[in-house]
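Below, chain A partners chain B and then partners chain C, in two separate complexes.
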Partner chain A sequence: MSESQLTQAFVTALGISAEQVTDELTYNEIDAWDSTAHMILIAELEDTFDIMLDTDDIIDMSSVAKAKQILHKYQVNPE
Partner chain B sequence: MLQDKVILITGANRGIGLATAQVCIALGATVLLAGRNEVQLELVAEQLGERAIAMCYDLTDETQVKQAFAHIKQHIGHLDGLVNNAGMMHNAPAAMTSLDSLQQQLTLNTVAAFQHIQLASRLMRKPGCGRVVNLCSIVGERGAAGQSAYAASKAALTGITKSLAKELAAQQICVNAVAPGFIDTELHSDFSDKQRENIINTVGLGRMGTPREVADLISFLLSDHAAYITGQIIGIDGGMQL
Partner chain C sequence: MDSVMPSRLCGYQVTLISVTEAHLEQLRAWRNSAHVKQYMLTQDNITPEQQLAWFAHVSRATNQHHYLIEYRDRLIGSCNLKTRGNASHIAQADHFELGLYIGDADYMGNLIAFAPTLVLNDFCFNALKAACLHAVVKPENQAAMRYNQQLGYVVVKSDGVVELSLTQERYEGCSKPLKQLLSRQRKTTAQ
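The block that comes next holds the complex of A and B.
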């Protein structure tokens, strides 16, 4: 699992550039990461890492940094 | 009409759920028969053939439902349709309805249905393929004396149907419901002949509906023929006046 896979998932799901995908990027901070895009992002992460996220984790995934933390729980470790 | 579609039906061992499974299989779908009665589900799966798969879990247990969907994701990868059919009805005047009974009906008829849509919609990724059909009721739409708890659980499901139709439209998932009137199943097994007769007298067509008639409507809503229908609660009640 590489950090580039995680970045790519954000890029594909939110339609933003790779440069915008920083740890500090937070949910609802940009128009591209609204609630509809959030579900597309979840689908993308689940497909990329072959996992099924819990509802609580979907709610908690409020930033890129938080996404990394949550993915660790699923034995996914974007380095 | 449902060729190559994968459809999960809750409460598929009898009544409307079983009829829906039969129709979906006949129309070419692969059907996941969900419910709590393992023996009956296995029997139905055996009768329906290799495109019917029994999935036994407690529909009201959050963890078991998650595990069931994780299993679908792992072994099948996607879903095309969900039919939230399992339901229970306790008839009693409000003063004689325990909060426990209200809670049980809400837990199965509303909360379990909600969780199933929540998880199923995430497996409906093929463009244009997502279909959810909920079993609402004429009682939830119009109200009926002696059925306030059941009505509450079904009216809540109507609200879920209309709201999620709007929310999931962005993902091209259609969410509809059928609202049956008086259908000949075990749901009414405790009704006396007199009670049945009284109800049938309120039905314009003068008879109970059959599970197959409801199943035909559900299978239509699951099919590509219904691709432009969403957010609808479609009555199937033979012209019943409540």
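The block that comes next holds the complex of A and C.
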């Protein structure tokens, strides 16, 4: 479990470069992170970390920083 | 407001609640906030008297219905449905125009903003047997353009404002991923 796994999940799901995956990156801020990409991102995170996110967390996952916080709740610590 | 429309509609984690007089100040505060007003067709601030007059009008109208959006026991915005064309009554119409804004800044641009539209669209296509839905967007409101296009809307006219339309077939195809995301079981956390 590492931050690089989290970054890779964003890279794969959103089709962006690793350099773009910063804590400040937010949902809808870039065209690549729209609702369809969000769905792919959720699937990618669930596969990568072997978790099942609930709806509130899917809705709350509005930035990379927020994703880290939420994953922490699932005992996933991308540090 | 029109009796065809339920006073509450639920789905995709949100509840739509028919607007009552008790909601008017909340609506007015949202409508006059800079982040909502900038995308409205008219930019003037709404006075309490105007808000009350608006409510008196929509309370009598049979061609439209207005809801508050509730999410996690919190009111976050407003949405509405109006007939389009000559129909003066929702029950007689098969073309509708939908409107939405998220007033609570915490949820602007959030995935939950799709939920009220999914609820209303489902109701329009399934209960009201709508042939087509319509949206009107200011051209500079790119977020609303993307939002509508993710739901399957296509641009049909661009003349000062952008007009988009949506058939049920396109809606069902395009909204499936969103519906899956917003329909998962919700866990309740013990306090």
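Quick notes on this one:
Basically, the second predicted complex is superposed on the first by the 79 of 79 C-alpha atoms of A that agree within 3 Å, B and C clash if a C-alpha of one lies under 4 Å from a C-alpha of the other, contacts with A are read in each partner's own complex, and residues count from 1 in each chain.
The rule is simple: contacts are C-beta pairs under 8 Å (C-beta built on N, C-alpha and C of every residue); 3 or more make two chains touch, one makes a residue touch a chain.
Not measured: the values here are computed from a predicted model.
Comparing chain B with chain C, more residues of chain A are touched by C.
When the shared chain is aligned, chain B and chain C each come close enough to touch A:39. By the document's definition of touching, both partners, chain B and chain C, reach A:54. Comparing which residues of chain A touch chain B with which touch chain C, the overlap comprises 36, 39, 42, 54-55. Those residues of chain A that touch chain C in the complex are listed here as 26-28, 31, 34-36, 38-39, 42, 53-56, 58-59, 62. By the touch criterion stated above, chain A contacts chain B in their complex at residues 36, 39-40, 42-43, 46-47, 52, 54-55. Residues 13, 72, 109-112, 114, 143, 146, 150, 177-178, 180-187 of chain C touch chain A in their complex.
Residues of chain B touching chain A in their complex: 66, 69-70, 73, 118, 122, 125, 170-171.
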